[in-house]
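Shared between the two complexes below is subunit A, which has subunit B as its partner in the first and subunit C in the second.
So, the complex of A and B:
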């Protein structure tokens, strides 16, 4: 299955443990929120049918949710392949989760094997803005500065709980994913015409000696 | 052995009455075994249908078995007591524990009871981590400890107990110090005997265990194995089932605090002393759902970006579906009971490290009365941590090598050499990589050579390849430098 699936948009959600990845995904896909999501272990995914632009085209969006604890990244990596957009989430009340955004992005780029890292679409979400101001540690300005620094990545301040900005953010995510999907489909055609390709298998099948 | 008759001919009401009778009868036999302190008989009872039947007797059974399996000297207990009392040092994973504890016991609807349970959960996890600071907490461990807590507190009675209806600040407001000690001992023993492999800072050993599932399926259903090319993808679908021994999905019910299916899986592990059981169960789920999986495969083939996504998702969805079906569990558990892995030959072709629970404390090979000294087991853990570190270095090296290789091949392509040279270089590079893949640990000379003691052919071959690869790399580098 090497051909690109044109009507499938694959979106990966990354970020520290407890920033609200699962909540955001459920808010977008089911328009629901619960205080009681259990911790995600491994990887999980939801799908949503999306209608694009003027309604002339439909696609299926697959949102992949991953566990936030660092060790689970080795699982996530297997699912990065073929992603069309990567969503990076931090919690506005948790500075550490904000500081880690860059390393989540770098980690993704290293492992996803994307064709052109410079143009690959990311979207950053600063979640939990429903929480009272005094507990918010990361200002909108700080968020924007970082988003700019990382290459003008679109930033949205969201609340999965109160449904603030989630739909707008996912519209942007859909747009980015669609563009990437198109680029990759074009690149695939070019790739196919390349004469020599000495890509070797990866190292994963190590032996038990 | 208590044999359970064929229930197919009975109506559902009859079955219910009958299974209640079975439960009561079994409880009587268990009480007898407990009274006689017969570990062998208890292990036998725990292995059969219904496991230890209910939580009135279950904690006593677990303690009896676990205390026998892992011997803690009174000296150890005294030492550890001192360490815990004096230790104010925060374990590095306590923040993660807090995050997960806050998302635990979500099926329990009464907030005050839920919060008290969370308090207790947090208390015991922190205590284990501070006592064994080299153990690393993983997401999912909290689910397992939740189960052990519910079993030991015999929660079915709590609605009658007023003490649960006020917020607690100390576990002894809810349990006696005797219960606390028994509970803690059970948590510590279960962790060290069965969960050790998961408690490093990586998933390497977890993935090694997961990779046994395809091997088990291959033996049972080669068609399914080939159709899904199960040897070509890592079985991440079973991650949460293994790491939490099914407690992530099988929920403890509100009010009754019951889930005998879940508890009986723990009964089986403890009675068989076999941590391969969760893997066997998972492979049985897959083989059992063959028809559904094949259908799902055909109808979803165009819905996924690649084979890895497709297979992982259809298996995970199907299992999640089956996990909530009691009838499927009956089938899968009875299949598992008939086919508990005691033959560990499957380990030979696996990557599982030799100090893994699957080789010793959870191998399923030990008799009910053999026991391990805690020093030995802590030593296994230490060795596992060392191997974990080595693997980490190995993987970093391997990544570096991959990068180097791709750079070299790009350079070769750019060099505008005659085709023959190019091909020769690429072949040399391939040789070099395949050598590297088969001997990835050549930087750990001492350990590595030990494997070949007395085997000169292997040793010489290895040395030869080592030198060869160096030469190849050096000559490639020279070539690149020249052009």
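So, the complex of A and C:
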């Protein structure tokens, strides 16, 4: 288990509904774009084999592409746990989604129970830069300011549709996840990712009659 | 106590469904279960009193649950206990896994000695799974006739009586080896004459609505049923003849079925809701579906006279609601409107119907109005999926019969007036409201209904398929990771819309009658409820006298059972059993997978091309699990 875990990078993608999380993931994983994605419910799961930096090491990236609607946040814990990197996505044409980046980050830190929140790797993606400039409400500058404010989080302006900056962004995500993964491995000799399944507890509470 | 209750429920439910007839013992997966319980199912085959009820889950695979308490009710405790141990002791035990072809053969062979008749499915499908063993004596017919005297209200029995016994087998019986036998007493009666030209119209719609499939879509073949014993040679019959007979018989079945619905829906002063539920469980003919759905969900009153005025009033109410939200008096809830607005284009994006502006506008209005009228829940993603079966089904009311199958491609604006569209929206709105009333907990803050269902699913799988459950544990797979969507969207994302609509025939028949009878005001209980409350008691049969009486009232009358069942059957509960059946189907595959493969598979199951017969199989399996485990589930929580 622990040997396999070394090569597993768990990534979670958060952001408001409709900012393009699913599109970005599919662009990265399948290099495809479609207008026909349904709204994500709960979280979608995608995987991609990645080669790290110099090509010396391979890893599998497991991505949880979550639903954006606030109502679904209550189940976050099932998906957040054990994440190695958190990707925050906003839509450059939607100021609300930009404003919510901070709360998404906080939401994640609350639920994911990461070992050291200060160093946990986040990456911010400002998506939909393919849309004409006049409709873009959030400038690159605003984005960078926010990213800096939140603790020098790397920011990428992307387009899933036109495949702009997606691969670069995911290289950064991979790097961050790998770093986090190794930090955790160093910090815990045990495999911390082996979550205790609380459902075991149910047994004892069942009716004894 | 729990076991006792569970068994009683089993008994009760079987009765209410009319599943158990003296002739009703089928080769079924349940027999496998029975075997594992060391209960001879042969004892359940005969000597049971006739039930004058609409029977019959016409499933493609003889799955009409012959689980029946032996000798009345004596072995309940033992059965339930043995069942658990039997299941646990057999490591690979899971009769409903797809790829366990041989497990049940021996049992089935022994079953063959029970005279048994399988009423033909009105669908022609799933043939590979079918096996018919009409009678083992040389002239099966007389014996069968006696069955049918007991079943004078059994539509399928009536059909089969007239041209018995012609098996329904697709592919010209390809799946059957030439050693198979069935007695064929003569050529089928031409029921087209019998039912006259008035059926012409329905013929075409039937043909299409119950799309007759010759393709065997069952790539995951169920256990091949054993070679049947011969008494008469059928080798003389050419496949072609069989095919013709089958088709004729099938047509008959459909007509009979439609006539049955005609009777219930039109020919009485008051629609017999219970009868309607029972018959609808097995699928509703397309031409009846819009009206029957409205009845089942409790939108249309059962009293025929009241239907029209009621409808009119509700449609006006909806219109007023719409006028209001587009008036100055209403402050638009921008986030909700926006959320719906971005979800509408993502609703069934591959179906042309949902790309038409007319349709998108309608759905936007319906969902927005529903959201602001139900503030405790508000709009939650997934409700946009749930509205579509209603919308699409009710649309067919406005299409000429010949066009019904093109509903997914024609812009409603081309065949409906704007008034009609508003009426359609109103009907959709009210039915959506009724449905969501029953699953409110799924969408309120924290989604407690879904969390509970997912938990129930895991507990159910733990009982049914401990291997799979343990494997998930070993791989750190959490049920929430794949089952959340199953609950939130009622498995709609897993199937194409036609299959979903068929599934809903059953689901709507499973909705709580009690709830649907109550005419709730527009702003429903969502105001009152808090996440901690449990309005529709899922898995907690509060109304069940069984729980209260500790199992004393074992010999309840069938009708009392019926009422009782209706009072606490709930959609959410049944849905969990459907999900369990769905999951366990893939058990063998999943056991060979690691975390990543499991999640990937379950998030993209190969079911997008499932046809109605696949759905019916799933529903039947769910029904069986439900009859085995229903009351027991309340003790897990």
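Basically, the second predicted complex is superposed on the first by the 185 of 209 C-alpha atoms of A that agree within 3 Å, B and C clash if a C-alpha of one lies under 4 Å from a C-alpha of the other, contacts with A are read in each partner's own complex, and residues count from 1 in each chain.
Heads up, the rule we're going with is that contacts are C-beta pairs under 8 Å (C-beta built on N, C-alpha and C of every residue); 3 or more make two chains touch, one makes a residue touch a chain.
Just so we're clear, the structure is a prediction, and the values are computed from it rather than from any experiment.
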Checklist entry - So, A:163: does it touch subunit B (first), subunit C (second), both, or neither? => result neither
Checklist entry - Does subunit B (first) or subunit C (second) touch A:71, or do both, or does neither? => result both
Next on the checklist: Under the stated touch criterion, which partner chain does A:38 make contact with: subunit B (first), subunit C (second), both, or neither?
Outcome noted: both
Checklist entry - What is the contact status of A:18 with respect to subunit B (first) and subunit C (second): first, second, both, or neither? => result both
Checklist entry - With the two structures laid over each other on chain A, which partner does A:10 touch: subunit B (first), subunit C (second), both, or neither? => result first
Item to check | Set of subunit A residues, in rising order, touched by both subunit B and subunit C | outcome: 17-18, 36-43, 45, 60, 62, 67, 69, 71-72, 74-75, 78-79, 200, 202, 205-207, 209
Next on the checklist: Give the list of subunit C residues in touch with subunit A in this complex.
Outcome noted: 1-2, 339, 342-343, 345-350, 378, 380-382, 384-385, 443, 445-447, 450-451, 455, 458-459, 473, 476, 478-481, 484-485, 488-489, 493, 596, 599-600, 603, 634-637
Checklist outcome for this item: Listed in rising order, the residues of subunit A that touch subunit B in the complex are 1, 5, 8, 10, 17-18, 36-43, 45, 60, 62, 67-72, 74-75, 78-79, 81-82, 196, 198, 200, 202-209
Item to check | Footprint of subunit C on subunit A - complex, ascending | outcome: 17-18, 35-45, 47, 60, 62, 67, 69, 71-72, 74-75, 78-79, 193-195, 197, 199-200, 202, 205-207, 209
Checklist entry - What does subunit B use to touch subunit A in their complex? => result 96, 99-100, 103-104, 106, 138-140, 142, 201-204, 207, 233-234, 236, 239-240, 243-244, 248, 301-310, 312-313, 349-351, 398, 402, 405, 409, 413, 426, 429-430, 433, 437-440, 451
